[in-house]
Amino acid sequence: MKLVTAVIKPHKWEDVREALETFGVTGMTVSEVSGYGRQKGHTEVYRGAEYDIALVPKIRIEIVVDDGDAEDIVGIITKTAQTGRIGDGKVWVSPIETVIRVRTGDKDAAAL
Amino acid sequence: MENGYYTWMLVSSSLVLLMTAPGLALFYGGMSRSKSVLNMMMMSFSALGIVGIVYALWGWSMSYSTTAATVDGETGGEVAKLFSNPFTQFGLESTDPANYVFVAFQMTFAVITAALISGAVADRMKFSAWLVFVPVWVTLSYFPLAHMVWGGGFLSDVQNGLADLLFSGDGAAEVAPIDYAGGTVVHINAGVAGLVLALLVGRRIGFGKEPMKPHNLTLTMIGAGLLWFGWFGFNVGSIVNLDDYTTETGLVWLNTTLATCAAMLGWLVVEKIRDGKSTSLGAASGVVAGLVAITPACGNLVPWSAMVLGVVAGMLCALAVGLKYRWNYDDSLDVVGVHLVGGLVGTIGVGFLASNEGGLLTGGGAKQLVVQVCVALFAMLWSAVATLLVGLAIKYTMGLRLDDEAEVEGIDFIEHGESAYDLGTSGGARRASVLGSGSTATEVSA
Amino acid sequence: MENGYYTWMLVSSSLVLLMTAPGLALFYGGMSRSKSVLNMMMMSFSALGIVGIVYALWGWSMSYSTTAATVDGETGGEVAKLFSNPFTQFGLESTDPANYVFVAFQMTFAVITAALISGAVADRMKFSAWLVFVPVWVTLSYFPLAHMVWGGGFLSDVQNGLADLLFSGDGAAEVAPIDYAGGTVVHINAGVAGLVLALLVGRRIGFGKEPMKPHNLTLTMIGAGLLWFGWFGFNVGSIVNLDDYTTETGLVWLNTTLATCAAMLGWLVVEKIRDGKSTSLGAASGVVAGLVAITPACGNLVPWSAMVLGVVAGMLCALAVGLKYRWNYDDSLDVVGVHLVGGLVGTIGVGFLASNEGGLLTGGGAKQLVVQVCVALFAMLWSAVATLLVGLAIKYTMGLRLDDEAEVEGIDFIEHGESAYDLGTSGGARRASVLGSGSTATEVSA
Amino acid sequence: MENGYYTWMLVSSSLVLLMTAPGLALFYGGMSRSKSVLNMMMMSFSALGIVGIVYALWGWSMSYSTTAATVDGETGGEVAKLFSNPFTQFGLESTDPANYVFVAFQMTFAVITAALISGAVADRMKFSAWLVFVPVWVTLSYFPLAHMVWGGGFLSDVQNGLADLLFSGDGAAEVAPIDYAGGTVVHINAGVAGLVLALLVGRRIGFGKEPMKPHNLTLTMIGAGLLWFGWFGFNVGSIVNLDDYTTETGLVWLNTTLATCAAMLGWLVVEKIRDGKSTSLGAASGVVAGLVAITPACGNLVPWSAMVLGVVAGMLCALAVGLKYRWNYDDSLDVVGVHLVGGLVGTIGVGFLASNEGGLLTGGGAKQLVVQVCVALFAMLWSAVATLLVGLAIKYTMGLRLDDEAEVEGIDFIEHGESAYDLGTSGGARRASVLGSGSTATEVSA
Amino acid sequence: MKLVTAVIKPHKWEDVREALETFGVTGMTVSEVSGYGRQKGHTEVYRGAEYDIALVPKIRIEIVVDDGDAEDIVGIITKTAQTGRIGDGKVWVSPIETVIRVRTGDKDAAAL
Amino acid sequence: MKLVTAVIKPHKWEDVREALETFGVTGMTVSEVSGYGRQKGHTEVYRGAEYDIALVPKIRIEIVVDDGDAEDIVGIITKTAQTGRIGDGKVWVSPIETVIRVRTGDKDAAAL
């Protein structure tokens, strides 16, 4: 099994979800995170004091997938989340030894 | 009527309405959990909507249209000692427009009394059950008590009234019961109703085990401030003796403020000693405890005795809110600990402290105290019975309470289909949570 | 002048100012998204800042300095039927100080009318464009309509006024148009302006597709409560006949409250039937709908008819807010659905229900109704044309709207360089978000 | 006393109390960080609790019980130029009930002055130290200054008073100092005290380096709105000449509003030019700056000069709030930049603009200006010395400040054992954060 | 070393924590996340406009453990977090090369 | 490629970011999490009811790095985030099979 982790721009989330749904991904776990990278944050001013906001909001998606699907899913995310502008994010794949569905105790492929 | 006074009554009526919405709605809403805050506020808003209408229909009539004994001693009959005819001024048809401002003022009292009860059943009472409970309860408990105390009924100084039966004078009680602005009618009444309803509804899932801490204390602080502000209308607007307008109102304003300041400090001291820290929830609670306690007494104390009453109320209420854990009843937002206990402190306390040698400690003997205690007991009894009737009727027909799964899911969504906040979390919430909200907005086909 | 009444006018002026800031700012701010709440509140605050100044400069003069017909029938000329001279009392130089309190009271009406419009263009209108729109709009639309309706102009009962042209009496209209506190001048005016401006600005990106749910309903509930409270100044302060001070004000206070209670319940019922659940946003909206509808009618109804008007307004507005999805215009916070529709219900409704045999259903025949409808239509026309002129002028010069990227990024940051919240998320937000905020605070070199 | 006026004093007293709780508590609370908001609000609430009591005990007596010179010229002695006897009306025992409403009104002024100081020491001052500072400070700084300015003391036009020493008239100063509603007593006094206390307490950890941005600007906006609303009581309630009741109050209301509108716009313009964007915090701050500046001048200006004063105040304060970064003192929420600077603008500005040929620019010569400047300087000196004494005494006994670890952890938890918010983050905060809160609720053994 | 990641229902968090404590887990890192899967979200209505809330709140737990303990810990979580209803969540195990305790610099087993 | 995950004390975040920046880390993904471990939470009291807050706020940092840099980066974080007091946190390293830059589709080293 593989774990695909993607960090994307928030307003791309809906599109990515739909694309993955169409491909047949049955589940994922998402969270709101902050990104630091080439894409710079911005500046806020309060009573003349400037604050540099170093971080930009991102959405982090985790998907446990069959070894076979990993590549396609990475491709789908990359394609859908792409805007071509700095800050589009990263996708990475890491190995998983096993995954269990809590409700049933099913293992691996059966757990998804 | 004198316009300056009349203007104050317009202001006061508006102030007391503000106490319920948004004052009490915020005070309670901030203390509840973020999955229940909207329902909590809705219980206040809906009480305002319902009781406002009901009061104009038969509330005023039941409270003030006929008195047990009119000035010349001629009486409206024994039943008129409990409530007056709901139909004589039904819908205010036959009400003298010169009295409209008093209808307005009294209406707002009925509204907040009903709304106060909601704190006892936070997070778990069916909204539909609440909508039925409110109008029936004010009809059976609030209007009669308002009539008995202020409408020349059984709890006033009327002939053969409770006070007169205790210490009979000629044509009226020797010692008139004191309830300047509603210690019995409003606070004891709401406090008892809250206790009974909390027992009927039962404890929240996880009560005493799961954490149920306030989700937004800034709302509670706003609420406490607005309640204080509105309370000036509540107490100072309750002036009766117009000849003393300028002196009595000044005294009532001062007593209200001094008792509240003292109660806040009293509560904070108890917390400091018991818990090691004084809390902002304690300050907000102490403010309300002081306002509750001074309500019946504000016209019959002097500044120093107002401070004494306040500090006692603040300390006793600070201790009383712990009882629910010991006795294991879930009075969720402490309607009992603050309004029942505070109402008793004020109603009975004035029996000790009443100025002009009226109280036990001010050289007036025990009579006033005895009268105050008996009036309070009678009011508690009446309120308990009335609430029990309404509550049981609803419980065994439509049911009072959400099912467990719904309660865990959260009453805001279950009963109102809403969530209070969508703040997002990224970047200091610079954008609404893209996760917290849905994918499509489609009009509901009407 | 009688001091009691005068005091009420001081209170009322303060109350109506409170309606805009923070009342309306909260009501609207809570409904917008967390990336737009500050801009939403700023539109109300800036309207207050700008219109306050403008009103003192030429607003009062344009509204009240000269009337179309003075008591003795001598007229200020035909143009004075539309607005009076902006310069006669420019800067209040020559205004009688005894009238200052009325300047104050009327000023706050102009302020909130302008602020109401902002709800229609939430999230996307350039702040600079708003700052230009407001003063020009009040000059072309609000001041003239205020003059026509209340300054003895074309929509009053003045000779050769609209009503007089319909049903001529001797020296004045046979039937005087009824707009007690601003159904046409304030609500229909703002509602139409909102619609026109929303069409000119265009729909938000993702309208009807992306979720745009309220980000903080507790703010909206506070706002609704403060609006109700302030509305007592709005309606009761609009009393004209001082001889009836004590009776008329009581009636107006009661009608305002009863209609609002009824409207809240009416809205909740529609939701329960249509959506299956009654919402807190519905309660807050129903409150405002009722307040809007009773505004023009509050002095000409009795309690029962006020309740009827209220429940009708609540139900119709609850249905009307859905229209924007059907007709696909983005009146973001429902200025049309609540203020235009509610204003029409009240303005036309009083033609049906006016007391003392004034209305169609109260035995007064159709004349009042015809007058009310024509006045409403004329006001809508005037407001639409004026708004269109101002809006187009701005659109094709400085532009009305943010570019798309800025709109997605969020108007609070783009236009104001701020974010509303920095609550952090860890440990129940015990500390500010270390992520949500920057690394250094450096003074901007002035 | 005239009831209409009397009613206004009841309203005003209530309004000024509202300014502190919740008005100022919200204005300050929103600007602080989410780990400090409760402590910030508690400093306002506790100031109300403490000063309320202290004022009734000896505050009123020290301020007004004896005057330096009674009408017939007989004097209460030289010391009575600084403060009057704390014991003559101790506990209001011997106070004429007809004066209670003035006790109430003046009490609320003392309360908010103390509360204003808290903004300078946000996030780091021991709560216990604050509870000790407040009562001592009002006794040494506020009550004497209130007496000197309003109680017929050294800063009034009394014989051998400061003004009289400058320009002696017969039996009284030729030119009476002008402080209509508290520019020196309230704002300059609080501003100086804030500066001194901020210096004694020292800078917050990470000041000027770590971000310390407002955690919830919606609270700050609510606070600004409530402050404005309450300020009508503050200024208009300060009327002295009852014969002009109807004209003077109208003027004061208008001046207060016009100056505030102008100041808001002035602040926004400075921001736009300097920072490129106008902020909501700027609007809220401009509102307060305008209200502060107009406070001493509101009865002595006309509409146009009120606007001028306002815009100047807004712009100067907008620039002044930056000074703390340059001079590296941590006046956390800008008590100096807004209240000291704004208070000076108003107090000195009226020397330029006073109507009826009173000011330098209005044809009255320089005398008024000189008097205003000297009075302001004396008030600053007095306040600085008094604050220094109290502050040093506390610093070297119980200590003024939390230890560093506690400050980093967050004062809300350290001093009050609470966290302001428990909003959760999942699902649009539909449920309280299960992580943010604990596992068990157990009653504290009393 | 292994990293056990569990996504469970929020109201099960307390039970899971207690169970793991009893087993001897000395530490973990938790966060609030949103889940997408078979368990559907719900619908909210604002002024007649319906919003489908696609995601459901979940708690995400990360535990770095000794190779030997992984299986037991997975078992404990699965048992304790189970309600039998759709949406109970997933648990997955991935390999860790090394873990360091920041305070001391201790490595691996010693770092836990 | 490796994934370095660090859980540190919130007030150390700025220092760590600077240190990593200096070292040349071009990007990372951070989130606010809650920690459970030796460092105990605290107690809050509301109207006399005590609440034990079991969890303490932490910052979680994820950095995808070249195999070569992993060790240095772990060292930098450990050094910078250290206060010596209980609760300083953990850092762990796990294997990554591939990482893609969404904007360009670049893979692995090129994606960082």
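We just call them A, B, C, D, E and F in the order they show up, numbering each chain from 1.
Rule of thumb we're sticking to: contacts are C-beta pairs under 8 Å (C-beta built on N, C-alpha and C of every residue); 3 or more make two chains touch, one makes a residue touch a chain.
All values reported here derive from a predicted model rather than from experimental measurement.
Student: Report same or different for the subunit B and subunit D interface, where same means the shared residue numbers exceed half of all residue numbers found there.
Tutor: different
Student: Could you see whether A-D or D-F has the larger number of C-beta contact pairs?
Tutor: D-F
Student: Could you give the separation in Å between the centres of subunit B and subunit F, each centre being the mean of its C-alpha atoms?
Tutor: 51
Student: Let me have the rounded angstrom distance from the C-alpha centre of subunit A over to the C-alpha centre of subunit E, please.
Tutor: Each chain's C-alpha centroid was found; their separation is 18 Å.
Student: How far is the middle of subunit B from the middle of subunit E, if each middle is the mean of its Cα atoms, in Å?
Tutor: About 45 Å, centre to centre.
Student: Multi-chain contacts only, two chains or more: what residues does subunit D have there?
Tutor: Residues 2-5, 7, 11, 210-211, 213-214, 216, 222, 274-275, 277, 279, 281, 322, 325, 413, 417-428, 430-431, 433, 435-444, 446 of subunit D each touch two or more of the other chains.
Student: What residues in subunit E touch two or more of the other chains?
Tutor: Subunit E, residues with two or more chain partners: 11, 14, 17, 30-34, 41, 44-46, 48-49, 51, 53-55, 58, 94-95.
Student: Which positions of subunit C touch subunit A when the two form their complex?
Tutor: The touching residues are 210, 408, 413, 417-419, 435-444, 446.
Student: Residue numbers of subunit E touching subunit B in their complex, please.
Tutor: 11, 14, 34, 41-46, 48-55
Student: In the complex formed with subunit F, which residues of subunit E make contact?
Tutor: 1, 3, 17, 26-31, 64, 94-103, 105, 111
Student: Could you list, by residue number, the parts of subunit D that touch subunit A in their complex?
Tutor: 211, 213-214, 271, 274-275, 277, 279, 281-282, 285, 318, 321-322, 325, 334, 337, 425
Student: Report the residues of subunit E in contact with subunit C in the complex, numbered from low to high.
Tutor: Residue list for subunit E touching subunit C: 32, 44-49, 51.
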